[in-house]
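Pasting the structures in now, so scroll down.
Shared chain: chain A. Partners: chain B in the first complex, chain C in the second.
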Partner chain A sequence: MTGDLGWVSGALALLSFLLVCTLAMRRVALAHAERRRLSTEERLRPIALALVEGESLDLPSLGAYESRALARVLARYARQVSGTALAHIGDFFEAHGHIAREVALLKSRRAWRRASAAHSLGGMASRTAIPALMEGATSGSC
Partner chain B sequence: MLAVPSFFLLEIVGPLIELVGYPAVIAGSALGFLSLTFLLAFAMVAVLVGAVLSVAALALEEFNFRRYQRGREAARLLVMALAENLGYRQLSRLGGC
Partner chain C sequence: MIGNGQPLILVADDDPDILALVSFRLERAGYAVVQALNGEEAVQVALARRPDLAVLDVMMPRIDGYEATRRLREHEETSRMPIILLTARVQEEDIARGFDAGADDYVKKPFSPQELGSRVQAVLGRR
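Showing the complex of A and B:
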């Protein structure tokens, strides 16, 4: 019986160790992703500022990850600026299909996805998203 | 249907059994009813079960909510999750009754 308890102890210790290793690996992966996000956003900041200022620039071809990073930077700026700068940000999101994608997500079956889309649309400062947001708010789905 | 009975068993009856268990084990050991080796092995299993549950709860939190953004906070939480089984949980049982 004591021998069995020894085996159980060993198994539990191993399980604890594996769980701790999983947590540590996840933290390392998250830290790596965070560093990548910060460096990408830092690299895209001049483009974002130019867009906010309304400068005409040829956008370099951006991958999906960089595109999302640029959208995040602009969404942050949208909460800090007003007037024409805000309109420029809204125009960018509309022109690149971000608004249409987030509006479609407002009808998602998953509540967290609808809430996330509503939050994103709030940051995108586009007037065209207002009817969809109002509809979601009145139906209680957002 | 399941929540109330499990809550009753785990949160109300459980601490009482655990509290009665500690003096019973000490008394049984002092009176020679218990093998010291078995007692130590069983105590080890009890502490490790608590540790696995705490770390698993921490993993659930980490994968679902990620409330603790900084690695240092998560590391501190992990140390606490392991250390709480060595005295704190037993004391909190005493306080809960």
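Showing the complex of A and C:
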């Protein structure tokens, strides 16, 4: 009996240790991901600001992660600006296929994906997305 | 003015995105920019650098834009510096409060960077 208790307490201690290690590793991984996000956004900020200003620039070829980061920064900027700056942001999202991709996701079978697409489209400031958003809102799918 | 004759503008906002958007527009328009992340820092920077104009957010930590404006008006060095308030609060009483504090103009959020640039130019031109 005492031997069984010893095994059980040993197993529990080991599990606790593993859990703490997992949590610590997750914390490190999240901190690393956050640092990467911030540094990527910082690097792309001049490009995003030039796009908001409507400056013509040769967009460097960006990987998927960087493209998403640039879209995220522009979506944040879209909530802060109005007028031609907002139109420039909408133009960028339209020209790079972001609008079409998110509009297609409005028809997803998964509710969270439709909601996420509607939220993204709201931040992209594109007039062409309005009919699809209205349709989603009236059908209750968004 | 700084050494090369560029007017110096103080931009204060606790939101780094707005700080970047406003600063970028003003730099593109040919102004030099100094930044502050809260009202208290804005007052300190203004007293140290004596900018030609300040663009202050209303809702800032430590002291808000109204209080920062009041404090800047109390100092001899900054009492005549033009101040533009950047605010999401556009009720009549909020706007009146800004002018009562000593602001010269206000721009509402979300803001047009082009309009802000024009207002900065107009306010500086009047002085």
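Assorted remarks:
Just so it is clear, the second predicted complex is superposed on the first by the 142 of 142 C-alpha atoms of A that agree within 3 Å, B and C clash if a C-alpha of one lies under 4 Å from a C-alpha of the other, contacts with A are read in each partner's own complex, and residues count from 1 in each chain.
The definition used in the following text is that a residue touches a chain if its C-beta (ideal position, glycine included) is under 8 Å from a C-beta of that chain, and two chains touch if they have at least 3 such contacts.
Since the model is a prediction, treat every value here as computed from it, not as a measurement.
Aligning the shared chain A places chain B and chain C next to each other free of steric conflict. Shared-chain residue A:Ala100: touches no atom of chain B or chain C. When both complexes are overlaid on chain A, the residue A:Thr22 reaches chain B alone and has no touch with chain C.
By the touch criterion defined above, A:Ser9 lies against chain B but remains apart from chain C after alignment on the C-alpha atoms of chain A.
Contacts of A:Leu62 after superposition: neither chain B nor chain C is touched. Legend: residue contacts after superposition of the two complexes on their common chain; A:Ala115 is shown touching neither chain B nor chain C.
Minimum Cα-Cα distance between chain B and chain C in the superposed model: 18 Å. On chain A, the surface touched by chain B in one complex and the surface touched by chain C in the other have no residue in common.
Within the complex formed with chain A, the residues of chain B that make contact are 35, 37-38, 41-42, 44-45, 48-49, 51-52, 55-56, 58-59, 62-63, 66, 71, 74, 78, 82. Partner chain A is touched in their complex by these residues of chain C: 15, 17-18, 20-21, 24-25, 28, 109-115.
Chain A meets chain C in the complex at residues 45, 49, 52-53, 73, 76-77, 79-86.
Across the interface of their complex, chain B is touched by residues 1-2, 5-6, 8-9, 12-13, 15-16, 19-20, 22-23, 26-27, 30-31 of chain A.
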